[in-house]
Amino acid sequence: MKPVVVRNVSRAEPALVEALGTCGVATVHEAQGRSGLMKTYMRPVWPGAAVAGSAVTVLAHPGDNWMLHVAIEQVKAGDMLVVAVTADNTDGMFGDLLATSLKARGGVGLVIDAGCRDVKDLQAMGFPVWSRAVSAKGTVKATPGSVNIPVVCAGVAINPGDVIVADDDGVVVVPRNDAAAVAAAAKARIANEEDKRRRLASGELGLDLYGMREPLAKAGLVYVDSLDDLAE
Amino acid sequence: MKPVVVRNVSRAEPALVEALGTCGVATVHEAQGRSGLMKTYMRPVWPGAAVAGSAVTVLAHPGDNWMLHVAIEQVKAGDMLVVAVTADNTDGMFGDLLATSLKARGGVGLVIDAGCRDVKDLQAMGFPVWSRAVSAKGTVKATPGSVNIPVVCAGVAINPGDVIVADDDGVVVVPRNDAAAVAAAAKARIANEEDKRRRLASGELGLDLYGMREPLAKAGLVYVDSLDDLAE
Amino acid sequence: MKPVVVRNVSRAEPALVEALGTCGVATVHEAQGRSGLMKTYMRPVWPGAAVAGSAVTVLAHPGDNWMLHVAIEQVKAGDMLVVAVTADNTDGMFGDLLATSLKARGGVGLVIDAGCRDVKDLQAMGFPVWSRAVSAKGTVKATPGSVNIPVVCAGVAINPGDVIVADDDGVVVVPRNDAAAVAAAAKARIANEEDKRRRLASGELGLDLYGMREPLAKAGLVYVDSLDDLAE
Amino acid sequence: MKPVVVRNVSRAEPALVEALGTCGVATVHEAQGRSGLMKTYMRPVWPGAAVAGSAVTVLAHPGDNWMLHVAIEQVKAGDMLVVAVTADNTDGMFGDLLATSLKARGGVGLVIDAGCRDVKDLQAMGFPVWSRAVSAKGTVKATPGSVNIPVVCAGVAINPGDVIVADDDGVVVVPRNDAAAVAAAAKARIANEEDKRRRLASGELGLDLYGMREPLAKAGLVYVDSLDDLAE
Amino acid sequence: MKPVVVRNVSRAEPALVEALGTCGVATVHEAQGRSGLMKTYMRPVWPGAAVAGSAVTVLAHPGDNWMLHVAIEQVKAGDMLVVAVTADNTDGMFGDLLATSLKARGGVGLVIDAGCRDVKDLQAMGFPVWSRAVSAKGTVKATPGSVNIPVVCAGVAINPGDVIVADDDGVVVVPRNDAAAVAAAAKARIANEEDKRRRLASGELGLDLYGMREPLAKAGLVYVDSLDDLAE
Amino acid sequence: MKPVVVRNVSRAEPALVEALGTCGVATVHEAQGRSGLMKTYMRPVWPGAAVAGSAVTVLAHPGDNWMLHVAIEQVKAGDMLVVAVTADNTDGMFGDLLATSLKARGGVGLVIDAGCRDVKDLQAMGFPVWSRAVSAKGTVKATPGSVNIPVVCAGVAINPGDVIVADDDGVVVVPRNDAAAVAAAAKARIANEEDKRRRLASGELGLDLYGMREPLAKAGLVYVDSLDDLAE
């Protein structure tokens, strides 16, 4: 594919992005029908990180972080960089200098299907990063990739402008056009869970709360006093 | 195998479970002859977690957490859920609602050969979990498995009622009938290590403390001043 | 290979080791031309650990920590043990007793291409360890290996006396004879980065700061307003 | 997401599909600008398999092959099933009975980001399959997924009707609308390689054939007689 | 655990072992309710291997094949060695000399959760081996393990005398006491599949053959002509 | 490190290289004291491949095969290319065109710690390759590396001119200066194994042939008639 930078990207309303971020990854993932979750190897490089933003997508080559510099110019306040790589790679494409630059332009976080370095500095800056590896491995600037094209990052297809929500549970992608509906569903889910949490905390069983006893019996589940009873 | 829940399970004496927990995973593992240790991919979802309990075993299907609800009804104070899955899977089968329910019934922890979510909430609750992955991936409730049957979890065969000890070093399983002997051996080991620690801290070498010089020489170990001496 | 312990090893000047440690892994790795970095699976067993030292190398067999006891006798103040294993292995070869002994002899850290246990104790002692796994798995003392011979650890060839720098970003090896040159280059790099950091923080783009626009254009990168423009 | 089956799918011209298949995976991948290649863990379950077809896409749940039965009804002559799973899974979702059915409906192959069984039977039938694992692990039929929606399989985004080319080198996806251009580019590439192959076989160096000497020198490559010369 | 060799082991009837072998791994696994299948990393070292036998179990230490020599003395005609290791290890514990010895004593195959070497010789001998790796890595004979005790191999709990069935699809374990029932169920399954295969080959859909249309509709599956119809 | 090509390399006598190749990987590895074996992920891309040669070493960057073209000019009859990469990478750096060129210059094989493509063509040419992956992923020619410097490939340190032996069991490296001694030891080992093979084939046990009974008893191995005897 020809290397290209797309300048104009539609983004979701900031209020929607913020609302999704407040709900957290697990709830948002459920609220949009259990889709959009990145592979579990994508982990925060420092614990407790949590953020939401609009995706500026990057397609980079293994061991080459040239396009991250290019992408930062396209960043607007509230954006996150989402970096896909054309082959599995753990090189440390992003560190404290790029974080300084990205933050200065309004970027709020990074999701990268490769490595990240300067972990201690990033934590000190409070700049959140999710990556597949921590690596000090330096990179070259030799081969152009693309910015703001559709990419696949850690198993999920992402379009520029999609909403990214990331925390200790991982990273989930909400298509831009679904942001309002998913935010509403996520809020409803949280409201609904409050009552359940209270009842479960009081000792009520999920079996009763969710009415599972009958479907379990229909599905063939049996209760015995000991394993020996089963053989009789 | 037919899905089945076994109601009656013998457990070790609470005092033995507590004693094993106090000794910690590394000591207990050594004390029972270096057996019963789960694979190293089983890690605490938050650092510093440490607990011991009696196993309520669960056999679940990949991507299906129905049996965790079933298992919680069988939990007594001081129990831990130990969840095996019929195929390698990282889905987030357990989160804060199930933790709330499990804790309300007296459960003290979870060991799961799959994923866990709501890590931040679990840490806030102080509820300890060891898992192969952190994942927000939601699960279905479609296929029954079993509760309190013998299972293999992370490479170790476990019977319901066996003692589980888990901390930052991993997870070890003590067969229920061996609990007293292992607890005694573990305590003796700790007492024995105190003196060794003091002597090593003073600069005495393990080579001398353990009498290793002679067996090493018999095994063929030689000392030279430089690698070149070896070629002479 | 015959098991052998080499007694005499040349080490870099302590001031150089300290200087390299101050620069940190990412900077040192870049300063020596992006070489010497261990595989990314080598991680600190507790966060925040950072150290530099001279390598006392160990070649051990899987599941056998006999040579760690042998190696400690060869340790001088400021040394780190670097343990290679003859086959991939995650057994917990090192724990709090060995750390107590190693520390008492002046050892400042451990890098091991296998497992480590007693993580909580090591953190309490402030003793830094980088390993491929955390594992309580006990080991035997049956087969001698070697100390202070050239080894390959986590993908890097290391000679005894080489300088090891390790922190949250990983582990890098500096050949002893290159220590002075690399330390100088690393310091220069840090000085140089200060100005860049300031300019990036003020919003200047890396594209301009590094003069990337022209080479990117030469390499074929194009800018469009939307993806549709590309097809025209 | 709601489970859905999309009935109408546009496919590429059969002649284009056949032309792409003739060119093979490596050439097609290069011809479309090095994009569309699935992760390298996707391997043929028997050696020598090679095929091209139009994608009927499937999104299935881990351990559940219900949707493969659903998808076969949507297959037309020359189609291949491309199965994505909502979480990493190796269960044996496809075996000789499904292959018999798929073949009877005109299906020419299967690409599945999970497991496959009955390898010997599939080879005897000459039915080609690419999978991430071979596994006899049986599956349930409990949770509906979708057919003919956009999916991500082994790291590549695929739309129903895209062209799949698969052989010993892996699996590559060609977007339906690019099929003609890519087929033309692939054929041109093959023609072009013939001359190169002949010249290389005669002993001419790639350095000369491709004119690499000057750019290498510009990039800083130096030649020395021995490593010692470099230090001088 | 104390190292021990258990001399007397009950085995299943040879006719049952043979019957299970004839049915193959996938069918046997289904016939016993989808249990007993080893992890998918266990692969035949040469293609086409297929065998069934009674398990002589071995617990060995990583990098140490001493117990394989011990185990061969306990082998009777029709037995297979099943080797578990106390930690993940790929060393080549078994090669052509051990195969020669094992075969001479009536052994019919090997399943090993470690490495195997001399692949070409084993294929020439027609001696079947399933392993997690091929490796020429030599082993020591330093630490005794055990023979004919219960072990966990590649995720499955195995008792000495259990029936092992292995082919291109993997390795499945049938508890000795279940052998007759499983063999009967497996044969019935094969008979039943014959008719299904014939009907599927004629173009009948699994959807109709298995009556899936109604349960799929109940589970919420919908059919649309194009994805756009869904949004309406 | 500066990119450099070293022109002059000493090689072992062709007769020694051939002798080592005849002995095979497993025997050579044992004969040199169980050292020099590459990681087990290095596998032949087609079965049955076996070769020995002198190493022309290459250090390449991930996703960049420029240096393979450079290296071929340095190849003499009987050489093998040994390609290390500065970071883990699976890109298909080598295919049929490079194989044609390498073969034309006298090269007899390739060992690459990355990917390889055109597997079918390589097998048809009879050109042997060992790699960590098969991948059609194309590479760039952007960043120079080095040729004939010391490298670490798949866990083993290699100097240019060292002898490489590779077959179905993997890849082993013999330091050039050790070639004569290792070849002699390997031949002696083979002669010695002939008698052992004959005796084992006749049913004699390794326990007796190697005199293992006494050391096993000393190491604590006990024999019982059943597991119950142990508890008495």
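Should a chain be cited, it is by its letter among A, B, C, D, E and F, assigned in written order, with residues numbered from 1 in that chain.
Methods note: a residue touches a chain if its C-beta (ideal position, glycine included) is under 8 Å from a C-beta of that chain, and two chains touch if they have at least 3 such contacts.
All values derive from a computational prediction rather than experimental measurement.
Centre-to-centre separation of chain C and chain D, using mean CA positions: 39 Å.
Centre-to-centre separation between chain D and chain E, using Cα means, comes to 30 Å. The residues of chain D that reach two or more other chains are 2, 34, 40, 86, 88, 90, 135, 137, 143, listed in rising order.
Contact topology of the protein chains: irregular, matching none of line, ring, star or complete. Every pair of chains meeting the touch criterion is listed here: A-B, A-C, A-D, A-F, B-C, B-D, B-E, C-E, C-F, D-E, D-F, E-F. Residue ranges on chain E touching chain C, taken from their complex, read 61-64, 86-91, 135, 137, 140, 142-143.
Contact residues on chain D toward chain A in their complex (touch as defined above): 1-2, 32-35, 39-40, 86, 88, 150, 152, 155-157. Against chain C, in their complex, chain A makes its touches with residues 2-8, 66, 69-70, 72-73, 90, 92, 95-98, 100-101, 103-105, 115, 117-120, 133-138, 141, 143-144, 149. Looking at the complex, you find that chain D touches chain F at residues 25-26, 29-30, 34, 37, 40, 43, 48, 50, 167-170, 172, 193, 196-197, 200-207, 210, 212, 216, 219-227, 230.
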